[in-house]
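In what follows, structures are represented as structure tokens.
Each of the two complexes below includes subunit A, the first together with subunit B, the second together with subunit C.
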Partner chain A sequence: MSRLPNLLRIKNNQSIDLGKIENLTYADFYALAIDLLKDDDKHCTNYFAYPYKDGLQFIMAIADDVHQDIIILSHILKGTDKQELKALTKENFALHIFEREIYENYGVYFTGHPWLKPLRFAHDRALKEIQINDYPFYKIKSEELHEVGVGPIHAGIIEPGHFRFICNGENVLHLEIQLGWQHRGIEKLILDKENLLQRTILAESIAGDTVIGHTLAFVQIMESLSNKKVDEQIHIERSLALELERIAIHIGDISALCVDAAYYLGANLFGVLRTPIINFLQLWSGNRFGKSLIRPGGTNYPFTDDLKQELWQILDNFEQKFEEIAYIVYRLPSIQNRFDFVGTVTKKQAKLIGTVGLSARMSDIKRDIRMTHPNIAYKKFPYETVTVKKGDVFARFLLKKKEIRHSIAWIRNVLSSFDFNSKKKQKPNYNLNFKANSLSISLVEGWRGEICHCALTNEDGNLQYYKIKDPSMHNWKALELSLRNVEISDFPINNKSYNLSYCGHDL
Partner chain B sequence: MISFIILIFSSIFFVGIISQTKAMIRGRKRPSILQPLYAVLRLFKKGAVYSTTTSIIFKLAPIIYFSTVFLSVFFIPVGKLSGLLSFEGDFIYFVYLLGLGKFMMIIGAMDTGSSFEGMGANREALYSLLVEPAFFILMGSLALFTDHISFYELFTHLHLHNNLTYTISIVSIYLLIFMAMVENSRMPIDDPETHLELTMVHEVMVLDNSGFDLALIHIATWLKFAVFGALISDFIIPTDWAIPYQILFFFGIQILFAIIIGFLETFRARNKMAKNPQWLIMLSAIAIVVFLTTLIITNKIILH
Partner chain C sequence: MINEAKIIWQNGKQYIPDLKNVQLKAPFRGRPIITTAKVDEQALADLCPLGAIKTNPVSLDMGKCAFCGECALAFPEKIKFTQDYKIATNTRENLIIKEGDYKPVKIDKSKIRKSIKSIFNKSLKLRQVSAGGDNSCEMELSATGNPNFDIGRYGISFTASPRHADGIIVTGPISENMAGPLRIAYDAIPEPKIFVLCGIDAISGGIFADSKALDRSVLKNIKVDLYIPGNPSHPLTIINGILDLTRDKW
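So, the complex of A and B:
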């Protein structure tokens, strides 16, 4: 790009002075963003606006996989200007969700946006004209077609979400997912709480199944904003927990997929295996989901030798049983018959909608933060990512198995080559002083995919804006695409194979 | 009369044995064998809730469904014991009696106006339609083989003594097992344990039924299983045994049948919904094996 040779690049978990961010004109910003995002190695991890003086400052963070850093772009929309911008979505569909969010929160209209609908119906949104009950669903008019609405109240104990199918007999032509039924305003809650411990506990509740992923991103931001250095050992312990969380959730998903295929034998056997992993987390931190394990500035629960021995043993046991059962289940003809060629998302589609994490890797896209933007732990012990090709339910089913194996291998590598010293004690520090006027970004590869947290501080060194992006934000679109021309009875296995978060999306 | 009583008696334990088998294989704690009975007794104590969109059809459907299944039990002989009713061509009456019950359930489900129940009704109609030819080819062949067209006469004259006739009985039993599975919406075409409405066939049709009506539907399921179990046992029970032995043997076969269903449901995943019609047509294709064998035995086709 000749117009702007000096792109502002920061590393993952690095903070930067807000003054250093150059505000482009919208035309330049538009051209540059589109140009950068044409590259397969770059994708937008976050694009948000926040109130700045009398207008809005827009910040876009583009992850560059080759340089292993994040490019920051910015532009300003003055309050006196017309609140209208040309939609980037027209040229890069993956940005649709961010523009919808900005449109909803600040009432900035994006011209030419093909799908400009409210996102999560926040209580303090600018766009009050549309209420949650009159969401503008896509409609097809035909005598032969019928609509099936599922939710927001479901039969099971799952979270609220509304699914609107347009069907031709058993076949689904189109699925639209409407979320936002349980918006908690967690970004605002984090700002409202002054106490860092309270904030950390809030971060643990962003998505109940990604406790460690989200807390890790939050803690890394807090440490980066305050220049707090923690021991390498603590970084490694945190990533150990992250991998354990991945194993536990993946095995739970595999078990749940067996339930949905009515193969209860496999479901029970896999379901039993989840217990030792989460019980280990309980042994370590007192909570099966790893709550209270990750704290800014240190840890209350150091990884002792006893824990190390225990984990070795659990993993040996786990792996042996896991391989034994997987050998049967993954080769079972009726399971293959049920999962194969159902809900395919092609590589092209996956790129178009900008999926991340598991749902990118199932379509053969190598997108993994642990590999491209490693934190200290993954720098020391590199993680080799794994992909599968087909993009259907079986691909996702298979990928979960492969990721479990890779995670176990990574943990073994760490346990055998890193010298854990439990005498080193760095206690959590809840009195961190933040740098003034800074922006910090943290990327974490949670089990579902890339989690992105961004924080901005004001001139007094207080948090002025906190932005959370759960991978589900992008990936719900992948579920919608999976259902095209698939039977409506295949919806549950598709849904389960992604296992996306409602509250991570709704915040 | 005795055949009727032992059939009803065996039906009470049938579903309990299936659940026990499944729980045992999966390594879970076994429910009591009478658990289905307790569930039904509990339902009988409850009142039914009716949606305001439903009409009289919805209230009639479970009663008619239950009575047709109950009536169908009358025709089933056990070994040498004839059923309560028996006449020429009663197996055709039997099939359409079950058909009438199913029809009532289907329109009852449509009566609720729910998109889920409509979906289930449409699937159930399709599957019953596809399984019907298999049953008629099977029974027709047996009628041809024995020259009789009532259940009792047909089974008492069914002398199986050489290799070709063994083929008939083995294939027929295989067919009857799977027909029982389809008729009761079990695996592999439907999963009775699922909680996912979108994948259900029979379960979603009865979502709106409650209390007394639901209890009748549950009992009808037991009876259907017992009826098919009795048909299977009729193939196996030697007609020259003494009646008490036949009755004992009958119970043995019922238990074995329930255990087989438990096994069949445990060791496989269900079919993709789109593949169900194909799978059902396969049953008719297998029934043709019985038909051809019969033609050979009765010298309608002469093999050189």
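So, the complex of A and C:
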């Protein structure tokens, strides 16, 4: 490298002047990125390109878990340059998905990328010559092997995606997942709609099972770009909702896994426990998923004393029933037998592909934004993250239980020690003015893992680019690896143990 | 075994016996009503992020409304949300609430195809297709079968294959990438079949209505039998809608 630049670092939910970003040569960028990412405490949380002058500016955001900040690296590809770059993926597999995305959207070819295939068949992609039905799946020529194709429509009430298995009898050798069916053009719509309320409703629809997580990332960016300060209480309330969302989904997942293990007592009793949690969100915001609760600048639905009382009670009730049934289910030999050593992703593999959230913590990787890049709420009330070791279906099943307990403990801590002032009412503000020429990044630990939103404004202070990353972007690869050398009939329990997002990926 | 029996006994009956008369509490937003109070109608219409409100006279289209509640907060004297969740209906016009009209939303019996009541009134198997849905309507459809709502008690369930289904229930604004598979699934269902749109994304495109990444042309040649509003639709709305459409009494 010609010279080592001073690393530009920003905190989670901060914004910086675009002028401060130094554009490196691609060779320097490449060397520096690969070098930084060798460190276990750093991972790439987002890497994207956006139209810049006559070409593209590439921005990489590397989360540094020790410094608790985000390193920004950048390089530029001029329109007149050859639209070709050496693939970072060759040396860091975790970046494969980002390079695929850039390749599809802008037609930049990454040489040496092992599987430079389309990602989501976005409407505005550069790569128009290939259509969603012509996805180039891996093939094996063999008399003994056969392929099984499933989807896009699956046998249940579930979002669409296509799964292609290469099997040797019952045994899966390889699974390849093709997504894109859910693409709605949401990033483009966020730019097109100029009204902040409309944009917020779009953020709520990125993934309807992660309403709080994605909307939180969105409003944190909007507030950061406009220097809008919201009360500490609002921050705490939002994170309460985030933990409730986590509990509700995890308990639903545990129930769904019991269904697939044909243990209906567990399925029903865990399933029923989801209801009081989401009904509490409805009592609070009017919507079982918390749509309309998280708003820029404040909220229409403050957390009142009555709600606080109600939540205490619900949690007490919930916990007692949860522990009672969990005590039986998690010891049941038939459950252990079904989930143990199935669909294992080792720590080494998980690191290699850059998993985040639950999919990292199942393999003993301590990656949790609440702990490493806390927002105001988690700074005030620290969250101690929890990991398990084995990386198999049982590890994921177990981790969900542990995370539910930790979330309940965190909520209890907040309820008992934070002085909620129910007279304080900070209303939403849909007329925020953004700083010009700025970049802002927000990281949120949603129930699936790390959500990352990035926004850029132009010289007039309008949004010029909005980038959304759902944790599923990283984690779909983990599901593919889980299926190596397991029976094809183990696919459902593996799929449910991850419960990844299709629309969050397809956008 | 004894422990398990104890837990079953302690949990008791979980199902809601009367799905027609559940009392939901505010701020749950069900059927809106529009009073005849005089307000700045243009300001009211401009405020709606979904363009669901029209002026002169004021009306609110539940096929577009995200039930975000902003209109009722800004103009409480003009718009109120009741907790009435029975808002599914079989014509697009019936989804439009008019000024001064406080009547419940009804299914227009004259517009129900004959075969629906005669064939599907005891058992109905639906194939669900998510076409760009955000997974909230999908989760609420799953919830209709949980031990609380238990739609299974009416012989209604969701099938794995369209060939085993009596109809299709669509969620999502119909992304262009799903338009083809949706059509294939619809064609695979034997006649007679019903077609249901669940959630505002499916009914009108919702917040995605202007997106170029949608392809809603499949709706042109298909008769919609039921519209279920909501963002997402509440399980009670879904169940009441389907049963009101297919049976006289339930």
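General remarks:
Everything below uses one rule, namely that the second predicted complex is superposed on the first by the 504 of 507 C-alpha atoms of A that agree within 3 Å, B and C clash if a C-alpha of one lies under 4 Å from a C-alpha of the other, contacts with A are read in each partner's own complex, and residues count from 1 in each chain.
Simple rule for what comes next: a contact is a pair of C-beta atoms (placed from the backbone, for glycine too) under 8 Å apart; a residue touches a chain by one contact, two chains touch by 3 or more.
The model shown is predicted, which means the values in this text are computed figures rather than measured ones.
Superposition note: with subunit A as the common reference, subunit B and subunit C can be accommodated side by side. In the superposition on chain A, A:H146 contacts subunit B only, with no contact to subunit C.
Look at A:Q68: by the touch rule set out above, it reaches neither subunit B nor subunit C. Once chain A of one complex is fitted onto chain A of the other, the partner contacts of A:G156 extend to both subunit B and subunit C.
Once chain A of one complex is fitted onto chain A of the other, the partner contacts of A:L265 extend to both subunit B and subunit C.
When the two complexes are overlaid on their common chain A, residue A:T385 makes contact with neither subunit B nor subunit C. With both structures placed on the common chain, the touch criterion links A:T275 to subunit C but leaves subunit B unconnected. In the superposition on chain A, contact is made by A:S501 with subunit C only, not with subunit B. Between subunit B and subunit C, more residues of subunit A are touched by C. An angle of 60 degrees, to the nearest 10, separates subunit B from subunit C at the C-alpha centre of subunit A in the overlay. When the two structures are aligned on their common chain, the gap between the nearest CA atoms of subunit B and subunit C comes to 6 Å.
Residues common to the contacts of subunit A with subunit B and with subunit C across the two structures: 155-156, 265, 268-269. Residues 22, 25-28, 115-116, 119, 187-188, 191, 193-199, 265-275 of subunit B are the ones that touch subunit A when the two sit in their complex.
On the side of subunit A, the complex with subunit B involves touching residues 146-150, 155-156, 170, 258, 260-265, 268-269, 332, 334-335, 337-338, 342, 487-492.
Those residues of subunit C that touch subunit A in the shared complex are 3-4, 7-8, 11, 14, 24-29, 49-50, 66-70, 73, 81, 128-142, 146-148, 158, 160-161, 172-173, 175-178, 180-181, 185, 201, 206-208, 210-214, 231-232, 234. Partner subunit C is touched in their complex by these residues of subunit A: 121-124, 132-133, 152-153, 155-160, 180-186, 188-189, 192, 195, 197-198, 201-202, 205-209, 211, 252, 265, 268-269, 271-272, 274-275, 282-289, 291-292, 300-301, 321, 324-325, 328, 501-503, 506.
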